[in-house]
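Right, one structure below, let's go through it.
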């Protein structure tokens, strides 16, 4: 069984290095500030006994007043997992750091989120629409985008 | 081996052009294109006389319907199922699936059509040489089906190209595909090539 | 004197005989050698995630069928698992077994198709494909017996499956299970002892282990690269822990290894099926669940080992009848990430084969 | 050899009309050309039907059987349909080349049939350099294919056309060298004499030659596993991608006429041509042609396709040495051991063929690795 690591334990370890990074620790997830995302991710990836070398998925949820990005990290060596979340509270121009340098698997998923949710990923090498065509108005998965705006 | 840039050809301009084509097509195709062969149902009024030449031409056309590849989604597997040993569409001489639209007669539109795909389908249809027919296979091809209310789905192929035969089902079974093809043959049988002056 | 040469861009797809749907590959070629590719997808983007938000939980089950339309049963499973996790619904034991029987049959069907179309990409003029389809039809018959559909089954429900299997199902399945290993061996022999096939597959499109993990590749592709990672074992769900089976892995991670992993996985699936038939308990198949299900506020992620890789559903509920957010972790899409690294430097013909060996389904890539 | 070269002149060829044929040369020419073209077209239609039915059987299905008895009229329906379809010329195509290409591909094939003996003396002209004529003309088809690829102004078709030229250049050499073995045994370039010389079919005396010739000619007519020219899974339809209507029909005809030609040539060179007991000679030839074509279909429905570099490697590293060794062995036998009993030769040649193929297949690596960019 993949062990879901307790987020408070991880939070304790992170506190030494990134004292201001952690917003909240829930039972199943760890919510961090967007500014520290890349640093914490690379810490989680490179620390020997954590070694989250596999990024299972990235997704984004629109909570109307903020966007929440969800990263599920897995270690294929130690067989444990962690859900990392970050909240993006700039509804006009949401920007988050890109994870492509750490995990290549983030490439298409970030493009997908950019396409459907309209979140810009800083440092992504090829950030453009992936599913919809160039010139499509709006981002369909946002809650303010009702289902039948387009025809 | 290290590739220098992420993508040698980012092709941003190409993307933009394609986006414009899609947009133009979307605006243009809000109405359903009527079936050009609708007059066939009122056959008696027109009093069609078929000549022997017509008979031979129609025989040859309905006996060798070559399909073009246009299989976007789920229904494709029921088409392949129809071509597989069990249903064996080859009995009717239809196992030749031409990948090049120039040499094909029949387009079986098996699957959901999105606006991004629409210009390609239209182009394939236009590349096909006359005479050509279209079968809309499955609910998505007829009306958008389950995805009718989506932001990216074309509600039916008949917004883009004229359709001759509709086969309902999600997906239609191979038997119903064969029945639909049989209907199309009936339609071809009534066609008059000689009289049709356009 | 040197001739002036320049690379040229060629579009493979979206309508192409061997792109398995409407995938498009914008390839830059230097003669026959692929210098660069850019996968362009979205030609089948139907917005399933958005549509799902507008329908209630039960109405979303048919939508999941249409993701990976060659493996519909496997798509139902993680969705109902996610909802069950969210609403804390217990599943009767018999239903769990039936689900596993369906998922494993679906795995065989999907891998048959993957191997067949890989051979097709190699240019065998449909013959292996037709043989694989013959076997697939047998499995499809069984599915039809259970739920009346040939392709998109819509069989699983929250708390079980929609109805019990008919009486004649188990004997038919036993017959399938007893004959299938022979067919698999036969096909394996016919394909893998062909010199041209070996020359075309061996050493082509190598995906190194590190890159495979880093690119979040999953399923047979990951295992072909030498990572023993199968959700059925490492994060066992349903009642998989009661079965005895191996995870086939290979070492190099070339196209041939991916082919081998699929062939061996079919054998393992047959093994699981044999055990599941033996252990199948009597009893109910559907727990009592309100048709207007309102799960409590929260989120859940359930994943399974689908034929193509790790298929997961991330579900957010706001205690209404409709899901607040449904995200699908589509293995086909993420497996494509590594395509570019694998293809560059190979010939055009190899690019097609490498792409075929990934075995994607466009319904799942684009959603 | 020397006599046939020095005595070559057209009148010699024209004078080879059998004495019992009526009329003068030109009447013979006219009648026979019509018969020959009819023969080609009928056999092409039969070949198409045969191929589709047989492939159906290989793929555990029935194949066309609804149009006419046993689906016999299927190919006829196809032909009428293709001929009456719209003929599209792409706007940016090179019009002249596009128009000429199908003809350039078809005419040489038809011309080659002039020297193929359908039975004793039943041929348009009995050229004493028949083999040379066949080899020379059959290569011209590639020019037609290249013209089609270039004239279409399509990227897929130009890739297909390039592949065809590369393929032709590589496979022509082993092909010709394998024919030389037959010519050495016969001592003549005339196809009639080659048939006449086969007391036992040359496939027994020249197994290596047959092997190389058969594979080489598969490549020459772009049949599987060398169908890279129209590789459907890679370049869609290759050179004929933009052709429709009657032009496509012409290409189709050219392609299958080549197949008929190859079957006829293989039958003539290695299987004893029209000679055989009991049945009439033309029937023997047809039986042999269909047998050869059945093997081609079998290969087509079974084998995957080569990659371009593997295909070239196969020609230069595998077939060419085999052809050279065959040539050497045949010459040695003719020079030093002309009185040898043919059955000993048969046994020896087969032993050598098996040994060579074993050795070669172990050492030959089709190779072709990733290219650094």
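When the chains are written out, they are named A, B, C and D in that same order, and each has its own residue count from 1.
Please note the rule applied: a contact is a pair of C-beta atoms (placed from the backbone, for glycine too) under 8 Å apart; a residue touches a chain by one contact, two chains touch by 3 or more.
Only a predicted model underlies this, so the values are computations on that prediction, with no experimental measurement involved.
Taking each chain's centre as the mean of its C-alpha atoms, the one that lies farthest from the centre of subunit B is A. In this assembly, the C-alpha centroid of subunit A lies 62 Å from the C-alpha centroid of subunit D.
Here the spacing of subunit B and subunit C, counted between their Cα centres, is 28 Å.
Work out the mean CA point of subunit B and of subunit D, and you get 38 Å between them.
Put simply, the C-alpha centre of subunit A and that of subunit B have 42 angstrom between them.
Counting partner chains per residue, subunit B shows two or more touched chains at residues 1, 3, 7, 84-85, 99, 116, 149-152. Counting partners per residue, subunit C has 16-17, 35, 42, 45, 47, 50-51, 54, 130, 134, 344-345 as the residues that reach two or more other chains. Shown for subunit A are the residues in touch with two or more other chains, namely 129, 131-133, 140, 147.
Chains that are in contact with each other form these pairs: A-B, A-C, B-C, B-D, C-D. On the subunit B side of its complex with subunit A, the touching residues are 6-7, 10, 12, 15-16, 18-20, 22-23, 26, 30, 115-116, 149-152, 155. The touching residues of subunit D, counted against subunit B in their complex, run 52, 56, 59-67, 71, 73-74, 76-82, 84-88, 232, 236-237, 240-245, 248, 370, 372-373. Residues of subunit D touching subunit C in their complex: 55, 58-61, 155-156, 159, 162, 224-225, 227-228, 231-236, 300-310, 361, 366, 368-373. Taken in their complex, subunit C has these residues touching subunit A: 41-42, 45, 47, 49-51, 54, 211, 213-217, 227, 229, 234-236, 301, 303, 310, 312, 314, 316, 324-325, 327, 329, 333-334, 336-338, 366-367.
Within the complex, the subunit C residues that touch subunit D are 8, 10, 16-18, 30-33, 35, 119-127, 130-131, 134, 194-197, 199-200, 203, 344-350, 352.
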